[in-house]
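So that we are looking at the same thing, I have put the structure below in structure tokens.
Note that the chains take the letters A, B, C and D in the order they are written out, and that residue 1 is the start of every chain.
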Amino acid sequence: MINVGVIGYGYWGPNIVRSLHGIEGVHLTSVCDKKTGAIEKVHKSYPDINFCRDYHDITRSSGIDAVAIATPVFTHFELAKDALLNEKHIFVEKPFTSNVKQAEELLDLADKKKLKIMVDHTFLFTGAVRKIKELVDKNALGDFLYYDSTRVNLGLFQHDINVIWDLVPHDLAIMDYIIKDKPVAISAKGVDHFGRGLEDVAYVTVYFEKNMIAHFNVNWLSPVKIRLTLIGGTKKMLVWNDVDADEKIKIYDKGVKVKGAEGIYKLLVDYRSGDMWAPRLDRSEALKIELELFVKHIKSNCPIINDGYSGLRIIEMLEATDKSLKKGGKVVKL
Amino acid sequence: MINVGVIGYGYWGPNIVRSLHGIEGVHLTSVCDKKTGAIEKVHKSYPDINFCRDYHDITRSSGIDAVAIATPVFTHFELAKDALLNEKHIFVEKPFTSNVKQAEELLDLADKKKLKIMVDHTFLFTGAVRKIKELVDKNALGDFLYYDSTRVNLGLFQHDINVIWDLVPHDLAIMDYIIKDKPVAISAKGVDHFGRGLEDVAYVTVYFEKNMIAHFNVNWLSPVKIRLTLIGGTKKMLVWNDVDADEKIKIYDKGVKVKGAEGIYKLLVDYRSGDMWAPRLDRSEALKIELELFVKHIKSNCPIINDGYSGLRIIEMLEATDKSLKKGGKVVKL
Amino acid sequence: MINVGVIGYGYWGPNIVRSLHGIEGVHLTSVCDKKTGAIEKVHKSYPDINFCRDYHDITRSSGIDAVAIATPVFTHFELAKDALLNEKHIFVEKPFTSNVKQAEELLDLADKKKLKIMVDHTFLFTGAVRKIKELVDKNALGDFLYYDSTRVNLGLFQHDINVIWDLVPHDLAIMDYIIKDKPVAISAKGVDHFGRGLEDVAYVTVYFEKNMIAHFNVNWLSPVKIRLTLIGGTKKMLVWNDVDADEKIKIYDKGVKVKGAEGIYKLLVDYRSGDMWAPRLDRSEALKIELELFVKHIKSNCPIINDGYSGLRIIEMLEATDKSLKKGGKVVKL
Amino acid sequence: MINVGVIGYGYWGPNIVRSLHGIEGVHLTSVCDKKTGAIEKVHKSYPDINFCRDYHDITRSSGIDAVAIATPVFTHFELAKDALLNEKHIFVEKPFTSNVKQAEELLDLADKKKLKIMVDHTFLFTGAVRKIKELVDKNALGDFLYYDSTRVNLGLFQHDINVIWDLVPHDLAIMDYIIKDKPVAISAKGVDHFGRGLEDVAYVTVYFEKNMIAHFNVNWLSPVKIRLTLIGGTKKMLVWNDVDADEKIKIYDKGVKVKGAEGIYKLLVDYRSGDMWAPRLDRSEALKIELELFVKHIKSNCPIINDGYSGLRIIEMLEATDKSLKKGGKVVKL
């Protein structure tokens, strides 16, 4: 039995609590939140779980083995460090930390203490991303041509991070998972419409050594919700529409073959246009799969894909977007 | 009666011929194309129209008043110049020319000769763009927050221009038409996947003085066709989905009001979420409206929105994207 | 405080329990179900609620004021009658009973005992139906021309009722609510593909005195889920697409005016095609609104739209579909 | 060379003329129409085609081998008979005739004269229907469970036929083509909202011996255009959405298996939910394929699927819908 405490019961925390509540071998001991009202909500849904307002009651409790942290990003480092110092494994909401230095310090600490870190990149455990990974692993798509993602909707404005730190980590984690080639540079541009110092509309480009490009369009001011990723491959092309209830992933047997040109301006292009195929996706709840793996990772040291090093790589890219934004969209080497 | 000759009978030329054929007061005298097969096509559909292979037969014909040029971009300047030198008004396919110098030379020439130039930005005459302009003119959207466009599909690869010069002129012309503020800088990044020296996937960002940003996602390698433009305004937000047969324009009574923050990290945001409204759009054929205006402009000097100066402004921005691409995405001032 | 017991914890029961659990002035005392496993589920989610296997523990408990019945249809009558005989108000899952006779007996009993009956036609309390009712009340649609509904998906096969009794009550209740004119006849045809004596694909037509027709397409064997209702009016036309997350209701300013004919075969028709408008809908949970009203109805006798008489009218129509089915689709007068 | 004349240049006639114009081995000699304005349209587009106002100039011309008839339905018989009497093969717009008697008389006449009849069921030659036929032929769908079609839109009101005769022939012809089992009965109900004696909203059900049902929902008063056909099979299920530009046909690996019941009310159902697959469809123009086959049929007597007997079978079913409508929706045996 793993005893777990959860810090943060705002937007995402309740989902973590609900998922942990249903996992075999987990005893969810306490939930912590500073906000008024959180205690009523927890007690109403889970009368048997302890509630506290001071996170030290969790990080320093001798009866707790692991801590899940679902608080604003700027607090992650302090909470995670205290948990690690007190011999707790940690599960940290994405993005892992506010900067690279913090992430590295936590990784060092966990290494020394032989403790586990998992960063909550839930999307990696959805049926959609697992199917994409499966296709990539058997080279069904061929070489990557581009990865193009649009994540826009109205709100939810975050208090302490801009729209890039809020929405881009999803795609960065997915790319980190499915694409072997490493990004070499990044650029970002955006606008802060409300004078908060935090962009609400932004565009991020990631450069690779090969002829591959990734691009993320993120926006908190869109009247419609779009969650659309296009992945171009030399063999097949894939469209992931996450707001489609039934057919999230479509694979197109489409492509282009440039056969060379007979002299300048005489390009010979062959377009291939075949069937489309929408594989059935596993509908198991991603967060539950992820948390079960966290527990298993603690117990048996099974390999995980979203460890602290993965979290760090995402933070390195996010930190680079900050640099690029400050320099008006300059391309920043990674 | 205005006598018109058309040069170029490839992809777009047949549409120009068909539209001119139905306009009162126009006599379509000749069509010119070098390609084998074009003559049969013209004769089959229009047995009464002359056909020639040498464009000088049109530009230098004494019986022709105006020339429509629908050839590859790299030929526009030569053909347009010859037409102007021979006292013909010109209607030129977009983009106007291959560079700013050419556009300026044509404008000078037309000024001296008192001849008319219209650049074929057909989209400006669609029911959708005319409705957007109408809404902007009565300030229905409020101040612009962003203009975000995605134009992707499989092919058609152009021989002499990259995907930016092919697809972005549509949005640049629309922005030039509906947005008073002038762009101050531009950046572009892209990938050429086939070693042709011409990008097939690209992203362009346009910067304005105020807190407004424009972004264009263009791609010849997408398995699906998307023509989606989001326009964020302080009062209302607009979505233009050009592949929706029936409801291309949707106006959302949605918005965000940041009420200030009680201390750091306590942002108070009000989201406004009201009705959506899809106005009926005029379905008249845009190209026909445009060509009728071209004829009227020649006859009566009525004002037009897509004159050579408008064409030049688009070319200035396109030329700047070339500079940015060469410097790896650097922001280039306009 | 109203003390409520719930009988049935299968598909819909848990939703009733969850909703009741959050309503002020309600004390949810007990849940009853015969199925193995139900007790664990209830205890896991609601450790403070009693659980029983014999429904008499609820219907005959002196500490209970009202009973919610969410069991298979063939059990409704027995349970409801026992509850009424023991002085409980009842909230009964739709369809109310298995036949008209049962419904009438329950209504008589409730009348004598001065007890309340509410039939759970949840759809009446959705934002969509409330908006439709609002539009109808101010005559925004004009006179009804037709009501056309398609409710198809794969499963869930019911054990004791056919697809008509499962899905058509939704539309019958909505029609009963929004249309003043009373149906005069009904016909139904369908197919039982699995030899169970229960149709899984069916079509129901409802006839009115005036030139109005209603039609319901219901199907448990469709590969796609469709929940689409078209309502034609002389002034406006309405489309309710319940699987559209954001724009469930669209009102079209479209119509037809037949101006008479100049002699036979010379029909003059005017088509009106104006704007479309998608009103913002209240997203409050329908079931919670309905249950709050049930409690208020018990306390203060406030009027309700889905009382037992409404439930009876639906059963009358359902019983008529049975007759029609048995006679191969014959039109049965109501 | 086959010499063809076309009678009727209203809605569909121009498409026939355009298609015939491009077919090898066809000489389109004359077009006939009584309406003012038709002659200008024909001359503008086809200066080399003769035009006449009296159809006898076509049916009785010695220089014409075949006649295409694209006039209102009530005129088909008179024109077709005159053409056959004058030794012309005929291509007749659907529905073939106004009643069974007329169709039989034309078939007799053509048999005696050894002339060909093709009825224009264009849909049979679309990429979508050819793909469906291909799937059915290799038993990919298994046994048919149901055929469910919705064809609704605003207008176009026909002058001489009701909405059933206008829209249902499409589906009847497709069913006649793909389903071996023969319909045994039919019922129809509908409403005439404008006192013309012609229904504008109607529902038609077709019964088969086996556990298969077909249903058609047709409506000239719908604010939205729907062209949706669901075909349920025991192996696979198919959705044909004809207004989807790119993925008209989707095949779902979905199904239901009822495993029997352990006692009453304990149904054991297995739902199978697998991948979806959208085959690439041939985009060749259906009408051109059909007319090429008509010409080939005349020349070489190659087999065709839409001969006069096929046309007759459709008319038999349409005539039965008339009977059913008159008797208020009664089921009429075929």
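Criterion: a residue touches a chain if its C-beta (ideal position, glycine included) is under 8 Å from a C-beta of that chain, and two chains touch if they have at least 3 such contacts.
The model shown is predicted, which means the values in this text are computed figures rather than measured ones.
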Both-way neighbours, i.e. chains that touch chain C and touch chain B: A, D
Chain pair, A-D or B-D, that carries the greater number of C-beta contacts: A-D
Remotest chain, chain C as reference, centres from CA atoms: B
Rounded Å distance, chain B centre to chain D centre (Cα mean): 42
Length of the line joining the C-alpha centres of chain A and chain D, rounded to whole Å: 53
Where chain D touches two or more other chains, by residue: 224, 273
Of all residues in chain C, those that touch chain A in their complex: 21, 44, 47-48, 224-225, 243, 245-246
Residue ranges of chain D touching chain C (in the complex, touch as defined): 72, 74, 145-146, 148, 150, 152, 154-155, 157, 159-160, 187, 189-194, 196, 201, 203, 205, 207, 211-213, 215, 217, 219-224, 230, 232, 237-239, 252, 254, 256, 258, 261, 265-267, 269, 271, 273, 328-331
Of all residues in chain C, those that touch chain B in their complex: 247, 253, 273-280
